[in-house]
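Right after this note come the structures.
In the two assemblies presented below, subunit A is common to both, partnered first by subunit B and then by subunit C.
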Partner chain A sequence: MIPHLQIDGLSVVFRGDDEARILLDDISVSLNKGEILGLVGESGSGKSLLCRAVMGLLPSRQLQVTHGSVMIEGQVLDLAQMQTVRGRRIGMIFQNPTSHLDPVMRIGGQISEGLIHHKGLGVAAAKAEAIGLLTQVGFPDPERAYDSHAHQFSGGMRQRAMIAVALACDPEILIADEPTTALDVTIQAQILRLLMDLRDSRGLSIVLITHDLGVVAQTCDRIAVMRDGHVVEQGEKRALLAAPQHPYTQALIAAHPSVTTAGEHLPPDRAHQPVFELRDLEVRFAQGGGLLRKGKELRAVKAVSLRIWPGETVGIVGESGSGKSTLARAMLGLTPISSGKVVFDGLDLTQDRTATLRRLRSDAAMVFQDPFNSLNPRMTVGETLAEVLRSQGETPEAKIQPRVAELLEMVGLDRSFATRRPRSLSGGQCQRAGIARALAVNPRVIIADECVAALDVTIQAQIVDLFRQLTAHSGLTLIFIAHDLAIVRNLCERVVVMHYGEVVEDGTSQQVFDHPKTAYTAALIAAIPDIDPDRPINGGTPALNQPELTL
Partner chain B sequence: MHRYRFVLFRPLQFLPVLFGISVVTFVLVRLIPGDPARILLGTRATPTAIANIRAQYGLDEPMWTQYLYFLKNLGAGEMGKSTLYKIDVLRLIATRVEPTLALVLAGVVLALLIAVPFAAISARRQGTVADHTVRVLSTAGIGFPSFWLGAMLIILFSVKLDWLPVSGYGETLFDKLTHLVLPGLTIALSLSAVLTRSLRAGMVAGLQSDIATAARARGMSENIVFWRHVVPNALVPTINLLAINIGWLIGGTVVVESVFALPGLGQLMVRGIFSRDYMVVQGVALTFAVATVLINFVADIITVALDPRIEL
Partner chain C sequence: MLVAGVGILAAFVILAFMAPYAAPYDPIFQDGTARLMAPSPAHPFGTDNFGRDVLSRVVWGARIDLQMAVIGVVFPFLIGTVVGTLAGFFGGWVDVMFMRIIDVVLAFPFLVLMLSIISILGPGLSSFYIAMALVGWVSYARLIRAQILVLKTQDFAVAAASLGFSRTRIMFRHLLPNALAGSLVFVMSDAVLVLLSGASISYLGLGVQPPLAEWGVMVAEAQGFMTQAWWITLFPGLAIVVLAFGFSLTGDALADLMGVRE
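Let's look at the complex of A and B:
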């Protein structure tokens, strides 16, 4: 059988002013008709670049295809003639629908643009066909969606719109570059489901690029694993997952958060007073409004009551907009509390703000989502840590450097990192430095807000491991905020599930994951991409399968 | 349509702004040393004659009383009598507004006609000789003062080539247009420099943006990608830049109208300042202020129309 799409010995070279680097080295991958091929790899492995090269859309003139060819049904594509192939034979969708959809053009305009241009349809015929496409990708009110702009939709609906745009010219092959990475798990499951349905109904062949082996395991037929510009392993999915040959594939599988490695936890100390006690905490934001008009009020956190005990590792999970980050910020006094109480270590934040804040700043620390941007680019890691120690005022000047070295060692960084600036660190190293900065105050509580979301899976696993070590042998209380339930299951002994600002479930990880009490939690858990290929992806309960629409 | 609701509410916010401007201009003119009555009557005027004139124009009253008169006049649709021209300033402004309006309009239209194609060539042929030429010219354009540029244009096109009139304003439409070419060009050359730089930056970013990549990935030609996706997105910030610059430009007409002897508001302002004609100066200043506020208001409406995400 001739493969539908065949990439044969493709090499891409970056030609800088005085150096040439090979970014893709002799890549050969094939995609059969009606098949979904999963292209897996971590950031920098070249998976996106490969697809850009296939489309003839290399992002810079310094990047050149030096060898190899791309064939559709055995015919070699002429890279100079790609404009007739793009859109019509190969469609492409991207990770971030928000930045890839034109914000000032109506959704309908972007779909019919392709229909008019490629198929030569008239405006009215193009509109009719575009509305048909919008129906196919799951818009409940396609006529209205046709006349809407991208910003009027949620992330999931935007991704559906982008799929409709890509399908406009009826391509045979669809390249999906991390199409669900920016989405919540339940929405991710819906989009993956949609892609599989489209494969079946239209006979599409799909290349699905992702960093998540779980996504691949549940949707793809074959898998190609990429690393550093090479395909290290490819094959039928079950065979590959069951018996990975290459050590890197083995490491990827081991690092996947759905592979549970139960950690040991010291039992929480419930004899003393809780570290944090929240009573009917509410955080409301004014929305819109102006000088003369009063806007609506958004209740980001609704009547949350929670006790967190010393030594506990608590995961707060929820989808974007569920209020989990706002809750954390309110606990640290970083956002005004509308009503209710936050009691830290017996001190009431609402009553004695100054004293509580002083205690919070010395006993609680935060680790942020973006490891790079939360470090000062002009300071070395050592300077950053020393600054914290000096402002803390408890470490004598002579002991600061030894303490910096000690902190670096705690987070698994070599002493030499003290003299390096964030720019020269990788994402994982930056996050380690961020954790070291949090540890510098010698905190009793660490609040980590989505601190592994931006990292590659193998790095994620390392950071989770680091947290596990830090919490296992000291009385450190960890509040770990994440949208990724699988990581939370691996790391935390207790899980708090948030939905639209409310705590819908609170219990030990085992209880919550094995016997969820609410339909929402069950849906969240069911939507976790699992590395087991025989577990079907599931968008959860039928109610949650309804595409959500914000207009 | 709720995005356009600000069109109704925004004008209410103009009132305090205009009040502030009127106070400031009113006080500032009166802080300039020199007495309008003395300037009007000349150095040999008798103290009685000066006192008479001062009484006639209300200049002997305290400043706040004068301001109240001014407000009262405004309410009646008048701006006070000019000491120099002996008629109401509002009527005076009405006779002088056309050349200034035409000049600004000519300047803006010419600037856009220059800026859009130059920015497009520059952005689409990045790094080529054409790009570098546009960038050098647009940097230089910002640096040329308009009084010098105007004089140079007169020397080249009017004196050497004898294609266009040296100065003044005509009677017939064609006559007026030929008289507007050089002053309009003087304004357009420096304005287009600013616009070209902003547009080019927006277009260069747009050509590398995800929006452009996505459009290319669905097989759109570079022309469609550029004109239908890149340009509309690059225009949004430029519209606001243009509005701010028109505000500057209205002040700049004072210089250009003087160089080209155009009988517009700028020239009226200059005469008013030299003869300490308080009514004229504050009237023209207030007119300029109202125009600037209105232009920014219009720019806001255009921005909202161009970018569906913006709510004001």
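Let's look at the complex of A and C:
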């Protein structure tokens, strides 16, 4: 059988001013008709570049294809043909639909544009066809969606709109570049399901690029693993997942949060007073409004009551907009509280603000999501740590440098990192430095806000491991905020689920994951991408009816 | 670029310091026998209508013009930086107050405002510096404020707050160094503007007073003789252009170096 799309020995070289670097080295991958091929790799592995090279859309003149060919149904494509192939035979969808949809053009217009241009349809026929496409990709009210702008939709609906735009020219092959990375898990499951349905109904061949092995395991037929511009391994998904040959594939599978197991914890101390006690905590933000018009109020956190005990490892999970980050900031006194109480270590933040803040600053520390952004770019790691030690005022000047070295060692960094600036570090190293800074306070509580979300899977596993070590042998209380339930299950003994600012579920990890009490939690758990290929997407449960269409 | 820019600036600084030795004549000595002489080996840049040596005057002028460029930039920069940081960091009424003041200052044409302040204070270099400080800070304040507004929401600023650092420390140790790159580059192009406005103010007779040698004054005084003795205007004019070019080159190179354009 002739493969639908065949990439044969493709190499791409970056020609810089003084050096040439090989970015893609002799890549050979093939995609059969009606197949979904998963292209897996971490950031910088060249998976997106490969697809751009196939489309003839290399982002810079310094990038050149030096060897190899791309064939569609056995026919070699040359550059001259690309214009007709692009869009027409190969469609593409991207990670960030917001930046790939025209913000000032109506969704319908963007779909009809392709239909009129490529298929030569009349305006009315194009509209009818566009509405048909919108129905296919799951818009509940396609007529209204046709006349709407991109900003009127949520992220998931925008991704659906982008798929409709890509499908407008009736391509045979769809390249999906991290189509669900920016989306919440439940929405991710819906989009993946949609891609599979489209494959079945239209006979599309799909290349799905992702960094999450769980996503490919459940949707793809074959998997190609990429690293540093090489395809290290490819094969049928079950065979590949069951018996990975290459050590990197083995490491990727081992690092996937759905396979690692929960760690040991010291039992939390529930005898004394809780570290944090929240009573009916509310945080509201004013939205819009002006001098004369009163704006709406957004209730980011609604009447949350929680007790967190010393030594506990608590995961706070929820999708974007669930208020989990706001909750963390309110607990640390970084966001004003609208009503309710935050009690830290017996001190009431609303009544005795200065004393509580002083205690919070010396006993609680935060680790942030974006590792590069959370360190001052102009200071070296050593300076950053030393500054914290000095401001705490407990370490004598002579002991500061040894302590800095000790902190770096605790987070698994060599002491030579003290003289480096964030820009020269990798994401994982930067995050370790961020954790070292939190530890410099010698805190009783660490609040980690989405601190692994921006990292590659293998690095994620390392950071989670680091947290596990830190919490296992000390009385450290960890509040771990994440949207990724699988990681929380591995790390935390207790899980708090938030949804639209409310706590909908609170219990031990085992209890919550095995017997969720609310339908929302059940849907969240079911949507976790699992590395087991026989587990259907979304656990086979019907998609939760979410108020997604915000028109 | 950096080498060329800094080279030009350094050459002028050395020239200014060495003026007594570098200048062949006393810049204000009038030689009645040698008026309006074309450039010659004795007077390489010629002489002016009072018989003063143009080369010596250009060399001594470097002292005053460099001083104008530096002082005329430093005070606006300092005031603007502090105001911008405070406005950006505290927001609220502090911000509103400073921003309205800036609007008022910007509502008047730059030169008109400068001229009115100087005419109130009386002509002279110190009036020029005061006027410059009163008017020039607004651009720096705006630049810095915009940067601080962005930076203060970033995680490292929140991290600093969560670690209990004082506000002053967060503002000046964490936010300001990151906000400064853009305005440091602007300092260089602003120095050019200050130099030119200093020259124009002197040209209008409100800055440096004769017989002191200053390039702007020299151009102004010589304009009546433009057709007979082009050298009197040309050389001080060239000096202004070359110094300005040096500042621009340095500013450009700084922008690349600090990654402002990223």
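Just so it is clear, the second predicted complex is superposed on the first by the 542 of 551 C-alpha atoms of A that agree within 3 Å, B and C clash if a C-alpha of one lies under 4 Å from a C-alpha of the other, contacts with A are read in each partner's own complex, and residues count from 1 in each chain.
Heads up, the rule we're going with is that contacts are C-beta pairs under 8 Å (C-beta built on N, C-alpha and C of every residue); 3 or more make two chains touch, one makes a residue touch a chain.
Note that this is a predicted model, so its numbers are computed, not measured.
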| item | value |
| --- | --- |
| Simultaneous placement of subunit C and subunit B on subunit A, clash or fit | fit |
| Of subunit B and subunit C, the chain that contacts the larger number of subunit A residues | B |
| Contacts of A:Met92 with subunit B and subunit C, given as first, second, both or neither | first |
| First, second, both or neither for A:Val388, with subunit B first and subunit C second | second |
| Which superposed partner A:His149 touches (first subunit B, second subunit C, both, neither) | first |
| Which of subunit B and subunit C A:Met366 touches, first, second, both or neither | second |
| Vertex subunit A, arms to subunit B and subunit C (CA centres, degrees, nearest 10) | 30 |
| First, second, both or neither for A:Cys169, with subunit B first and subunit C second | first |
| Touching partner for A:Gly138 - first (subunit B), second (subunit C), both, neither | neither |
| Contacts of A:Leu57 with subunit B and subunit C, given as first, second, both or neither | first |
| Partner chain in contact with A:Leu101 - subunit B first, subunit C second, else both or neither | first |
| After fitting on chain A: smallest Cα gap, subunit B-subunit C, Å | 8 |
| Parts of subunit B lying in touch with subunit A, wherever the complex brings them together | 9, 12-13, 208-211, 213-221, 224, 228-229, 232-233, 236, 306-309, 311 |
| Subunit A residues touching subunit B - in the complex, by the definition given at the top | 55, 57, 59, 83-88, 91-92, 94, 96, 99-105, 113-114, 117-118, 149, 151, 162, 165-166, 168-169, 288, 290-293 |
| Subunit A contact footprint on subunit C (complex, rising order) | 154-156, 158-165, 169, 173-174, 177-178 |
| Residues of subunit A that touch subunit C when the two form their complex | 329, 332, 334, 357-358, 360-362, 364-366, 368-370, 373-378, 387-388, 391-392, 434, 437, 441 |
